[in-house]
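Two complexes come next, and they have one chain in common, subunit A, joined by subunit B in the first and subunit C in the second.
== the complex of A and B ==
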């Protein structure tokens, strides 16, 4: 679906954002892209959708270089930017003018999503509140039914009930044919929705792993005192939050915040453990 | 549904499905919600629910009719009970033992309280 090899990119030559970055994304998965502020999450997404071009290396979508922006590729991908910009037309008019670019557009699904989000179909889009505009574009993005759906911080600006609706709709919209990438720094919003976690750090993808597999390999918990079995430890007032190897124990729920902190602090023990005996699923460390 | 403890989400969902079967809400041969329906309802990834259903199928709690969906197995309740017993004995009981040791509580005291419990708390349907 998406194949990035040895990507170099920077808006200025002196400040490279990505160096030798490689990443493969498959159909049938919802990827959560995590990274610190300024790590380049949005820029990576822009490379994938053909809005930024590699300085070196390759970025292919559906077997074609993303930067070529072939109509056949653009018809099968949708990019939802963090800040949406809607024209001064009604929702119905917008759909009439725009849905035609997406051959698999599902009008019934759109009606269902808009009613779940409680967005009026006859209102002028630019007159809606920011949250309502965003929900309209999310509904449109999902209804476009493209093989690749890229969403940059989609839950920003959504109220609590809308976040719930968002998770329900995305969960119901995934199919074996679709690949969904969601970038976020609000891990808690999405931790049960994503199945694969991507961590962007230090100009590269440092983790691309299935959450189920991580839960079989790692244990997360609080202990009175971290000992040398810990792959990573974070001191708290009452002891430590630790990540330990899970040797055939009960599969655990991955604590994404702790895992993220461990990866961006470059805990060598964790990195070493994750790279050895790597399961079939690709992980670049 | 709230996912709070450390157990993988697919196992927590399996526990929730098992509970419905034990309580008779999902009787034998009942067609359970599709992967997509349950995923949307619980706001979780469909692959997670698929994993739950595959696990329960391997434990002979559910069966799959190709192209139709998942159904509750005729002997599902017995299977669930067997799983729950195994889980209590291998996972929950060691935690209880650890706490007993930490607090210096011996088996005789536990036995006495268990007998008391049986006398004061009648067996309920659930």
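== the complex of A and C ==
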């Protein structure tokens, strides 16, 4: 679906944002892209959808270079930016003139999503609040039924009930043919949604792993005092939160926030452990 | 389905563009009608005689160039600001189709609408003008006397330059392009003067790019012109500039990044 090889990119030649970044994304998965502010999450997504061009290396989507922005590729790809732009027309008119560009567009699904999000179909889009506009575009993006759906900070600007609806709707819209990438810095918004986590840090992808496999290999918990078995420990008011090897084999719930903190602080023990026992999927550290 | 051009996809894109900009375009047409009416009315009011064909022609050409340059600056402007550009660039149509929709609106459609507006207001003003003599004729669009069609050709060149400016600049496209054009003209004129003076080795009185020059020798003034046969080649300069502007705008669109 998405194949990035040895990507070099930077807005300035002296300050590269990515160096030798490689990444493969497959159908049937919901990827959560995590990274600190300024790590380049949005820029990576722009490279994937063809809004930014690699300085070196390649970025292919559906077998074509993303930078060519071929109509056949764009018709099977939808990008939801963090800040959406809507024209001064009603939602119904926008759908009438735009849905035709997406061959697999599902009008019934759109009506259902709009109803769940409580977005009026006949309102002028530019007159809606930012949150309502965003919900409309999310509904349209999901109804477009494209094989690749890329969302940059989709929950920004949504109220709490809408975030819950968002997770529910995205989960229901996933199929074996679709690949969804969601970038966020609000880790908790993704916890019950994604099945694969990508962590972007230090100009490259430092983790690309299935959450189920991570849960089988790592244990997350709180302890009064961290001991030597901890791969990573983070002090809290009541003791410490730790990541330890999961020797029992019983799948554990992955604490994404703790895992993310461990990866961006470059915990050597965790890095060594994950590198030693790479899961079959594609884990990089 | 072709990845470069497809009639169904192009038609869909054209309809989408029209639907999303119709209200703005209708308002702009109303402003254009009002503007032309005001200028023609003012000229007719100041004239003690019937408005001449040449006065009508000047208003036609000046209005076409100024309003056309302004309108052209807007047609590729949605590819400027990141929020708008994201949806515009990722809409499933080819770069060529997106470019062609903008070009059609900026050149043929604009010229037709402008010409219609001008003749409508011109006919109205000439009709309402209380000049005691016989009603003057409307200036003909294609005649050897007023040569209004030269204004259309000049507009095609200006359109190419401002079309390029509308995609090259991400904001204030009209002002920045106009400033760039003026600055470019000054630089070309000054450099051309200096280079010609250095080549000739004498004091040059005046010289314009791609034309003859005037030399001063004491009190005597000499004029040096291109051979008559070569003068006709000068028409290639605006044509080349026009093609360069259109090609540059298209290339810029294909290379556009956010």
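FYI, the second predicted complex is superposed on the first by the 284 of 285 C-alpha atoms of A that agree within 3 Å, B and C clash if a C-alpha of one lies under 4 Å from a C-alpha of the other, contacts with A are read in each partner's own complex, and residues count from 1 in each chain.
Note that in this section contacts are C-beta pairs under 8 Å (C-beta built on N, C-alpha and C of every residue); 3 or more make two chains touch, one makes a residue touch a chain.
Being a predicted model, the structure only gives us computed values, none of them experimental.
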- Message: After the superposition on A, what does A:194 contact: first (subunit B), second (subunit C), both or neither?
- Response: first
- Query: In the superposed arrangement, which partner chain does A:136 touch: subunit B (first), subunit C (second), both, or neither?
  - Reply: neither
- With the two structures laid over each other on chain A, which partner does A:31 touch: subunit B (first), subunit C (second), both, or neither? neither
- Counting only touches as set out at the top, which of subunit B and subunit C does A:77 meet: first, second, both, neither? second
- Of subunit B and subunit C, which one contacts the greater number of residues in subunit A? C
- Task: Classify the contacts of A:168 with the two partner chains as first (subunit B alone), second (subunit C alone), both, or neither.
- Result: first
- Query: Which partner does A:250 contact after superposing on A: first (subunit B), second (subunit C), both, neither?
  - Reply: first
- Item | Touched partner set for A:49, first subunit B, second subunit C, both or neither | second
- Both partners, subunit B and subunit C, contact subunit A at residues none
- Of subunit A, residues touching subunit B in the complex: 28-30, 164, 167-169, 171-172, 174, 192-195, 212, 215, 219-221, 250-253
- subunit C - residues contacting subunit A, complex: 1, 3, 6, 9, 12, 15-16, 19-20, 23, 82-84, 86-87, 89-95, 97, 255, 257-258
- subunit B contacts subunit A in the complex at 3, 5-12, 36-37, 39-48, 51, 91
- Note on the structure: subunit A contacts subunit C in the complex at 46, 49-53, 69-72, 74-75, 77-79, 81, 83-85, 87-89, 93, 96-98, 100-102
